[in-house]
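Got some structures for you, see below.
Both complexes shown next keep chain A, but they swap its partner, so chain B is in the first and chain C is in the second.
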Partner chain A sequence: MHHLSLYFHFVKLRIRSQMEYRLSFVFDLFSQASVSVIDFCMIALLFNRFKQLEGWSLWEVGFLYGMIGICFAVAEMIGRGFDVFQESVVRGEFDTMLVRPLGTFYQVFAHEFVLRRVGRLAQAVAILLISNSQLVIYWSFAKVGYLLISLVSGTCFFIALFVIGATSCFWTVQSIEVINIFTHGGVFMGSYPFSIYRWWFRRFFTFIVPLACVNYFPSLFVLGKVESLGVSPVGVQLAPFAGFLFLGITMLFWRFGVSRYQSTGH
Partner chain B sequence: MIEVDNLSKTFKVYHHRKGFFGSFVNLFSRKHRTVQAVDTVSFTVERGEIVGYLGPNGAGKSTTIKMLTGILVPSSGSVTVNGYVPHRQRKESAKHIGVVFGQRSHLWFDLPVQESFELLQRIYRIPQAQYRQNVEIFDELLNLGDFFQTPVRQLSLGQRMRADIAAALLHNPDVLFLDEPTIGLDVVAKARIREFIQRINAERQVTVVLTTHDLDDVEKLCKRVILIDNARLRFDGELTTLRRLLSTERLLSVDYAEIYPDVSIPNAHIVYQEGARVQYRFSPEEISAADLIGAILKKFKILDISIQEPDIEDLIKTVYEDNLMLERKLAEPISPDTQAN
Partner chain C sequence: MKSLYLAFQVYLAFTMKSFQKRMQYRVANLAGLTTNFFFLLVQIFVYTAFYAVYTGPLPLNLHEIITYFVLCQAFFMLMPFWGTRSEVTSAIKSGDVVLQLTKPVDFQAYWFADECGRAYYYLFMRGLPTFLISILFLDVAIPQQPAVLMAFAVSMTLSIFMSAVITITISSSAFWTLDTTGIVGMSYSIITLFSGMLVPIALWPEWLAHIARWLPFEGLIDVPFSIYLGKITGIDVWVAIGKQVAWNLFFLGFGRFLLTRGFSRLIIQGG
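The block that comes next holds the complex of A and B.
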């Protein structure tokens, strides 16, 4: 309880300090939203020409796009502390965290909250809702619950990637940029049906970096599409939990990184 | 309060390859050499002491402080602070210590001081009454009111340091670690911070461990000093003892009434001679100050005369430059217990 209320206090302070520069805040909000609208327009243009992709219509892909967009926007909003962790380490802020009576993971997590990602989030939600209105989806409570779990799981997935990037700072002072290939690239890849990719690519993004588990497979279930890759229905239903598992594993990796930092001090 | 027993820390210093490809290669194979940052250091600090932890750059001061505060894990040996092992019970230990690094702030850069303090109140779960009382006292002693609403990033160095020290004491820690608390400050700001540390120590019995380059800090604040050099403990005892051990040599400056061709005095060495001004170095074991002055007066006419004690800076330099001498003199290591006898 203490941690939760403290977290909301952190968030409150962050929001207030970001609101100080109101004009830049509003500008950011709109520029972010428009960037992702443009992204979606590109996809729409593509469909204007090809009509469908591996049996997916534009609005089905829109649903997919909305899902991944929501997850990424929320992850960037709340997980930003890990994204900018490299600077914290360089500035010596991590030592400060170690002399506070709180866990390090918690402190880095609570360190940042980027309200302006709301622009991106709103836009992703809008695309999801518009796509839904153009599709015939039979919604049940279970399905809504499943979708929500998938979204949370997808958010965990992206946060986990940020955590991997942050943890790598304990080894190399320059955080590996490679992780951006997975985060931004993940959003891009996740916007298209997974079945268009090659088998080794699919394997990698299912079992190693479980992007497909938090996006593609859940969307199959929600949209009621037939699974074409030979994954059992149970597998599809359980897929979203891979996001939580992935985050759990990266948290262990984080802990390992911290203990390394404490024994080497860089 | 603080017990340090045979504490050692070795680092592997890696050879970093540069560039994108280099950092990729770094992940898999790295050359390294081993550096001993702290070598079998032992000492204890009692409640309410102010200890100066001194040494040249790279001597291992910061590494020791980092082990005492739970930031680093020792390679061997043991540490307890307030009965906690800092690196094993990090969070528990953190509740009972306050830490200030002079080089960087522990406050939130973009928050006003007041909001940083309130955040700390929540983090350390400081009861409202205690929080209010502390803020009031610290404000009185450090004039925090002048900049209480100012974002930390806009504070001057002196203001920032005052805010940082106050912040480190909000939760009434039993031990306060200060790493270079007066670095870069002007004389007035230094004096104010020293006074504050003294009062907090006297009134609250807060144990203070202080690393500093500023020997004024040491003279004003510390009765006891611990010297380390090259990762090893060189001296642990009262400042006056250190001074006595090393101040065997003194300086005598004389302004003569006229320029004499030969001003040599037996048992005194001429350090320099500039016109009528001459400085002698002498050892009280060989010749007492009175005898020396007597010998001078017998031979020459003087205008002015003064005896100088070497200041701590010189003392410490002597320790570092002449370890052998100190080790000879400290055939028996000086610790607080032996001193009491």
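The block that comes next holds the complex of A and C.
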């Protein structure tokens, strides 16, 4: 409980400092939204020409896009601390975290909160809602709950990727940029139904990096596509938990990394 | 003539410096290359799936689409605001601009030389490897006529020049608002969309394609790639290249106008 209230206190401080430059903040918000909206323009242009993609309509794909967009925006908003972690290692600032009476994972997590990602988040939520209004989805409490769990799980998935990038700093000092393939690349490929990819690509992004579990499979359930595609219904219902599991594993990796930490000096 | 040659030498030196500066980040470049291929792969999956079921007539076949996106991945880092952030803005923000003003060089030409160095870096370190590896593993079309290749080279060079000039012009808005995030974000979106980098303009709906044809940004991606694919032929090639030249001159003039106005009201930041 103490951790939680302390976290909200940190968030409040971050927001206050970011609001100091109010005009800057508005520009940022605007820029974030306009940058991410062109991704959807791309999808819309393609569907305008080709009409459908393996039985998926524009708005079904829009739903998929909205889901992954929300997860990524929230992950960037709250998990930014891990994204910029390499600077702490380069400057030797991580040493100070080690002597504080709080877990290192918690401290890095609470270190940053980027409010301006709301721009991107709003854009993704808007696409999700528009898609929903264009589709006939039979909503029940269970479905809403399932969707929310999936979104949280997807957010955990992206944070886990940031954690992997940050943990690699303990060995390489610089964050490994290849992680961008999975974060930005994940958003890009997650915006399309997984069935269009080759089997080895699908396997990799289901069992090793579980992107499909937090995005594609949940969308099948919500959009009522489970039966028609012959996917295991139990598997689909359990899929979102892969995101939590993935984050759990990366936290263990983080702990291992911290034990190997050698300061760059201060 | 001698002075012209000397001036050229000076700016060439700036270009080389800018190139060398970026050569420091070779490991990052390798990661970038990997990312390029990942995106390329996904794009190919997406288009293959779209093409598999679509039966109507299309202006580009799948083979040409793959070539288009190979070229895209090879050249997108040279496009405005895609590669490493332009240093024009940060120079104005930090006040470093004053150092450049004390040098006996033309400000716009100086930044142009710097941007060219950036372009050459991405051309050789990103573009060339991406293209060569793609030829080995993917079904990439290669123009058979030397004339087409020549026209492509000219058009692509004009595209790179325009990219540099656009970057300088938009970045110089920092003279008015120190925070250029909004303007840069907006420009980035418009340029990326209307250059045809996301979807080739030939596949767009008529009305939107019409708007794109009246904007300068198709000259960055869509025009040179269409020349490469043989979609623009004969006299149209000259018209397309002529338009590119005209837009280049426009941005050169407009950028110069903005810079002159900017300097007249410049307040140096920091000390």
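By definition in this document, the second predicted complex is superposed on the first by the 255 of 266 C-alpha atoms of A that agree within 3 Å, B and C clash if a C-alpha of one lies under 4 Å from a C-alpha of the other, contacts with A are read in each partner's own complex, and residues count from 1 in each chain.
In the analysis below, a residue touches a chain if its C-beta (ideal position, glycine included) is under 8 Å from a C-beta of that chain, and two chains touch if they have at least 3 such contacts.
Values in this document were obtained by computation on a predicted structure and should not be read as measured data.
Applying the stated contact rule after C-alpha superposition, one finds that A:Gly92 touches chain B and leaves chain C untouched. Contacts of A:Gln262 after superposition on the shared chain: chain B is touched, whereas chain C is not.
Contact with chain C, but none with chain B, is seen for A:Phe201 once the two complexes are overlaid on the shared chain. Judged by the number of chain A residues each one touches, C leads among chain B and chain C. Shared-chain residue A:Val118: touches no atom of chain B or chain C.
Touch criterion met: A:Ser17 reaches chain B, while chain C stays clear of it.
Contacts of A:Pro101 after superposition: chain B is touched, whereas chain C is not reached. Once the two complexes are laid over each other on the shared chain, residue contacts for A:His2 go to chain B alone; chain C is not touched. Shared-chain residue A:Ile137: touches no atom of chain B or chain C.
Annotation: chain A residues 174, 176 touch chain B in one complex and chain C in the other. Partner chain A is touched in their complex by these residues of chain C: 27-28, 31-32, 34-35, 38-39, 41-42, 45-46, 48-50, 53-54, 58, 179, 181-186, 188-189, 192-193, 198-199, 203-205, 208. Contacts from chain B toward chain A in the complex involve residues 11-12, 16, 23, 26-27, 63, 66, 69-73, 75, 87, 90-92, 94-95, 97, 99, 101, 103-104, 106, 108, 110-111, 115, 119, 122-125.
Against chain C, in their complex, chain A makes its touches with residues 21, 23-24, 26-28, 30-32, 34-35, 37-38, 41-42, 45-46, 48-54, 174, 176-178, 180-181, 184-185, 188-189, 192, 196-198, 201.
Against chain B, the residues of chain A that register as touching in their complex are 2, 5-6, 9-10, 13, 17, 91-93, 95-96, 98-103, 171-174, 176, 259, 262-265.
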